[in-house]
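One structure is given below, encoded as structure tokens.
Going by the order they are written in, the chains are A, B and C; count residues from 1 in each one.
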């Protein structure tokens, strides 16, 4: 499977997206330290006291961005892998993956940077286009086995 | 792999479930617009003012339903794919996938419609049955490689 | 694929981790019943009245642990599967999987048991090591197809 060119191309962009999500987790942790806002009393105790067991709007923003990644990047990991097995051309497949990667990176930047609306929403919609495209092409390939 | 009948059958139902999750995201967005309740100040500013940067019980209900989908449908995408490679009969495999799809659709309807308990919980439990069944059959197949 | 020894080894640990996540969901449900704290009014009504539609710190702790599992175990399901196809030695691959499993089980125990910081954070970091290692090895394998 790893010798399938389209699959290997998909894997490259998919792993970059997973690493991007890991970076989001690291950013959340750093914002928690910087704003002194911890989700757990045991963490707050270690960092100065229970008064730092509190919510913070910047931390919540990071968490929303991370959750949105889960809602969208995890399905991409599935759709992209299966789509790669349906025999698309490498150029068309790479276009799907690149658009998704670019739009999701923009989504993260727009979310964390609180860019004016509708930047973030547009990035979300653009990222959905290759996903829905892959989903429909997959359905067309396997519908006979339903 | 796409020529494996059971895998193709799995892929069909799996993609329907991914699309179901995408619909959940669209519904959440529409409820946010309808109730004027936005998670981010930049969204609220675009839709009338910072007073609409607020929580709303209907929006939170959508978000809980979506999160429950992530907790349950994402593992299914993994278990179903691997189970398909363990050589089950097509009829038995399709039964697993159909029960899961039906129960998860009912779960979403029960959640968004706030149907009386325990409708939603029952749908959750019924959907778990094929998942645990697949997990145990997979473990039995690969336990020698642990 | 299921005849690939490394993949079968990966699948074994991956399914254990999925079952661990299912256990987390069951624990959350039991804590909700025990603390009488329900996320939905329809559930509270069935269990004594709308006053039990409320937040509870122990329930929220379970939910944070479960969410952290989603953030970390779901990417592992992808990375581990692809890594298994890149031809690693079985011993080295099993080491990656075992470290991840052990650290994530410790993470759950530290979270639910509210163990003193930084036990939980250390478990999180240790679990990330095999994940980042797999991600980099995968990237090195497929970078030519980018």
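Following the convention adopted for this analysis, a residue touches a chain if its C-beta (ideal position, glycine included) is under 8 Å from a C-beta of that chain, and two chains touch if they have at least 3 such contacts.
Here the structure is a predicted model, which means the values were calculated and not measured.
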Shortest chain-hopping distance from chain B out to chain C:
1
Shared interface numbers for chain A and chain B above half of all numbers used, same, or below, different?
different
Chain centre separation in whole Å, for chain B relative to chain A (CA means)
17
Each of the following residues of chain C touches two or more other chains, namely 1, 67, 70, 74
Sort out for me which residues of chain A touch chain C in the complex.
1-2, 5, 8-9, 11-16, 18-19, 21-22, 25, 39-43, 45-47, 66-67, 70, 74, 77
Of all residues in chain A, which touch chain B in the complex?
1, 61, 64, 67, 70-71, 74-75, 78-79, 82, 85-86, 111, 114-118, 120-121, 128, 131-132, 135, 138-139, 141-146
